[in-house]
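Dropping the structures in below, format is structure tokens.
Each of the next two complexes has chain A plus one other chain: chain B in the first, chain C in the second.
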Partner chain A sequence: MDRLRNPWGKPRFLAVITIFYIFWSVVPVLLAVMFAFNNGRSRTTWQGFSFRWFTGPTGSVLHDPALQGALKHTLLLAGFCVLIATPIGVALALGLQRWRGRGSGTVNTVMLLPLVTPEIVMGVALLLLFLRVFPGIGLGTEAQVIGQVTFTLSYVVVIVRGRLVSIGPEFEEAAADLGAPPRDRMFRVLLPLLAPAIVAAAAVTFATSIDDFVVTQYLSSDASTTTVSMLLYSSARGAPTPALNAIATVGLVITLLTLTLAFLVYRRFASGQDAAAVATMEV
Partner chain B sequence: MGSRWTWRTLSLPGVAWLSVFFLVAFYAVIAVAFGNQDTLSQPVPFWKPWEWNVGYMIDTLKNFWHGGPFLTVSLRTIYFVVIAIALSLLVGYPVAYFTARHAGRWKGLVLVALIVPLWINYLMRMLAWINLLAPGGWGSTVLHDLGIEKLFLTLGLLAEPGGWLNGQPTTVILALVYGYIPFFILPLFVAIDRMDWRQLEAARDLGASPLSAFVRLTLPLSVPGILAGMVLITLPMFGDYYTADLVSASTQTNMIGNQIDEFMRQGSEKVTGAALTLLLSLFLLVLMFYYLRTTRRAGTQAAEA
Partner chain C sequence: MSGEIQLEELTKKFDEHVAVDGISLDMPAGEFFTLLGPSGCGKTTTLRMVAGFERPTSGRILLDGKDVARTPPHQRNVNTVFQSYALFPHLDVSKNIAFGLKYLRLDKEERNRRVREALELVNLSEFANRKADQLSGGQQQRVALARALVLRPQVLLLDEPLGALDAKLRKSLQVELKGLQAELGITFVFVTHDQEEALTMSDRIAVMNNGHVEQAASPRDIYEAPDTVFVADFLGVSNLLSAEAVGPDGSGCTVRIGDRTFRCQQGALDARGEVRVMIRPERIGIESRSDGASGEERMPGMVERSVFLGGLHEVHVRVLGGELLKATVANDGKPLPFALESGTAVNVHLPPDALRVLKMSEEPQASDAEPAEEETIENVSA
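Then we have the complex of A and B:
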């Protein structure tokens, strides 16, 4: 049996490749995080442990105006992006799931297109849109929020629709049989069932916005609309101090925490699904 | 529940948003590519197809002719992407295969390790390598001490000792692999993980050698996963400009994305930039729709199952 399950000779060979791969993919980032805590100006020579690039009096994330501005702007964009993309995306997911008529196929395709369009194409398209069609909006914060919403919308729709499919129509039908009006079916049956998916979608949107680079860069106007990703791009090669590693580490911690939250909520889906299955049988 | 109008009304804000900020925006690229520019070199879009000016598009296409600058950049881009994808397959397939079939009780942990890079900012991952490969960095020291640097110098894959970040195609290709391979491994893992292993057992029972069972059964069955992973990383690689900018910082390694970026964001040749963007989109359109079709089919199959 063991021989049978193993068509490639010793799986140790595969295990070695896998271990090497994981080492190669994770260790460089860990070292970059480590150098954020370097007690010196070098990003290549270890000079002892310190928090100076996070909280020190000069040039740290906490006290350098450029770093602090970039971090604040990144969080501002992410907040607005979540506030706009989540409700519009949830509504679109609900609509697309139940709307089976003329035009729904087209909308379905268009909704998925931003997921496969190379970011530079979206960046160029939105740049020209705000330069030539909506010069009143122009480049800057508003354009950046709109650009990020345009592609995070698709993530929200995909996540929420996945949950809608697994819920099925039974709960709404049961509520209707028991005399609940459409409003109650929506707000007291469907939306509570969707809550974990909505939280997960909001978290993914938040993290995607923080990590976004191309669209945000194309739609920025000046130094005041610089984000952490843009700062990494512009100063990675010339960067004077480990403060860049420090601000990257702050961004990393924020996205990892957000996505872990999303993952934990998502995992509750399994138990939620089981509960749904049991409840369906009860009905 | 409710009338059909409820669902259409719910879809309305999203549909309106995508129409304006995706479809109209993309049409703006077309209108600019077939438009003109004013005296300040700002693009002037021509919205009506019957007024289109094909002059800039023809000039752009001419630059693809015999040794033209866009031809060089495009061929280089294809060359980089093809090698990067081949390397991703070479490393990614064994990893996905091992995780799906042989990881045993470590499967969950290995899977987390495969997913975590997807959660880390791409630019941070590039920054990590810039720190490591800078002169005196830990990475260049290790590569030197292990003799890898010498090997690369001998093979002509590196121009000068310690010059990893000085316009080296090798570094750009390896950085592309590092950046995108997690996106390749995951769909491949899913495809291999879902395979029906009873077929393999049947093949072995009927006398197939391990090698022939792999070549004639496992490999063909993983082709859809391999293709999905390849398309998934091909699309962003063709639009990439930041990787080459960051790890090479030389026009000698410019990809088509760098060319577009120079025209759109830095220079004042936005009309030519829009024409190039349009040509790139047309080139990638087949791949985009192939991917949408396969994922949708997988979705309906999953829904039916």
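Then we have the complex of A and C:
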């Protein structure tokens, strides 16, 4: 047997592990999505295919006010989060990249902290912040946006800096050499080169915001600030219907579309510039 | 004519590391000036200071008599061709070339005309709308050149622009570049570690080592009359023999190599004591030992290796005293007068007018004068 094996072939056990992993991680998601289309109230017994939990007259995503509200609020938070975190993150990345003086190392580490801090710690800390330090802001939409921006900012900085490193200082030097003042080096050269990374960062921010539960939950005030993830969590033990699967499916589709779009944009515009950088956003 | 550069006591330190150590150079207007040296010798740092990317620690950079050492790069009338070309990947060829024209405040008509001319100059008219990454290395190099020349700078700086190209393309671009420079009459400052490239193209070469200029002269003088052991060793093949200078001899100098005495008529003839004596392989004569006993100007030896190189034979001769001399014998189409196989006893002839006395350098030489491929770490490491 050993002698017959192709020595250049890929190790078979790796393929087995990979296939097993893919099944393990995808099948539950597919099952959840499947029951979104169940023609019955059960989330475990298949009763035929239908769109009733998406568009039906009662209890569907389209007609249930609670589900509707949660979906709208989720998208609202994600939108604000992208609009605020992306520009600030890009500016921070540029600043950190150029800052070579004392303290830059510390700031770099601090920038990465939100990525490794347990979200629950972050959530509790932010809750205390808004209750005790800035009671003027209070809990609710503003607090949720600020909270989400706080940690999605790190993603933006990491993605944009990765791109900055791969771009290197040479294009800016070339622009300066050709007579471009600092402002033009930024707008005629650096930002166009960064565009794919900025789009990718915005998409990751959007997707992260939609998925977020802990921080958003801690900083919510009332029913009007409930997001899809919060709704899923709270009603999972109450009276669950496949409508929950339906709204989760909507969230999943939005997230996937956003990431796919970002990936395509990135690949389209970064083509030939740096293939390795594409990998940063696939993470 | 404008485009003259003078460097005065130019120094650049990166923290404790001195990359460029107080060099002074005159680069006359309209010349092809080459900074030549091994990796880490400070040539690229020097060029970057002239371009304005690095701020000198001290010293002056005079461009047509005006000190520009503190002028930011976008306000200097010098342009650079980068080693990696640094073509903007988000712009096509003609937009790359037009990039700097915006700052010359030309009208649209003139701008387009200049771009067209620049494209013609480098024979890339049909590639105007290609993206940079759709061009070959040689074409990218031309775009980089056109992008810089379209601004009609007084000085063009070239940082190893041929380094990334294959040998054949390199040769043809060397000739092209030199022709272009002669045609445009602007000053070219060219950085390279390739001595052959430097000899081929330059009007004047400055050989750099450890942040110093070892010698600045015409290619011929650099090759024929090197001032230092480093220069002799870095350019071409040199035989360097340890010797002791013992005294004057008419217009020359007498040196003792091993137990033999030779007359030298080149180099530091006033030196006394320990020196190096240099001779180029093509100046060494090889004679059959049977022609007679080894006499004046001659040294006995044994052929160790003989390599046929087409146009010439390279012969390695181990001489009395143990040193290995490289000599070349031109191939004139006739068979050699005597066999040059290894083991043949020969005399090497070292004529006085080919022997050059070099003083020992005061500082330790770089242990390895072989040019390295990359120069990227020059700025951070010694």
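Everything below uses one rule, namely that the second predicted complex is superposed on the first by the 248 of 283 C-alpha atoms of A that agree within 3 Å, B and C clash if a C-alpha of one lies under 4 Å from a C-alpha of the other, contacts with A are read in each partner's own complex, and residues count from 1 in each chain.
FYI, a residue touches a chain if its C-beta (ideal position, glycine included) is under 8 Å from a C-beta of that chain, and two chains touch if they have at least 3 such contacts.
Treat the numbers as computed from the prediction; the structure is a model and nothing was measured.
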Touching partner for A:Ala176 - first (chain B), second (chain C), both, neither: both
Partner chain in contact with A:Leu83 - chain B first, chain C second, else both or neither: neither
First, second, both or neither for A:Ala223, with chain B first and chain C second: neither
Touching partner for A:Ile137 - first (chain B), second (chain C), both, neither: neither
Residues of chain A touched, compared between chain B and chain C (which is higher): B
Partner chain in contact with A:Leu153 - chain B first, chain C second, else both or neither: first
Touched partner set for A:Leu193, first chain B, second chain C, both or neither: second
Shared chain A contacts, counted only where both chain B and chain C touch the same residue: 176
Contact set on chain A toward chain B in their complex: 3-9, 11, 14-15, 17-18, 21-22, 24-26, 28-29, 31-32, 35, 43-45, 88-89, 91-92, 94-99, 101, 107, 109-114, 116-129, 131-133, 146-147, 149-150, 153, 157, 165, 172, 176, 182, 185-186, 207, 210-211, 213-214, 217-218, 228-229, 232-233, 236-237, 244-245, 248, 251-252, 255-256, 259
Touching residues (chain side chain A, partner chain C) in the complex: 170-171, 173-181, 184, 188-189, 192-193, 195, 269, 271-273
Chain A-facing residues of chain C, complex: 51-53, 72-75, 78-80, 82, 84, 86-90, 99-100, 102-104, 131, 133-134, 147-148, 151
Touch list for chain B against partner chain A, complex: 1-2, 4, 6-15, 17-19, 21-26, 28-29, 32, 42-45, 91, 94-95, 97-99, 101-103, 110, 113-114, 116-117, 119-132, 134-139, 165, 178, 181-182, 197, 200-201, 204, 210-211, 213-214, 218, 235-236, 238-242, 245-246, 249, 257, 260-261, 264-265, 270, 273-274, 277, 280-281, 284, 288, 291-292, 295-296, 303
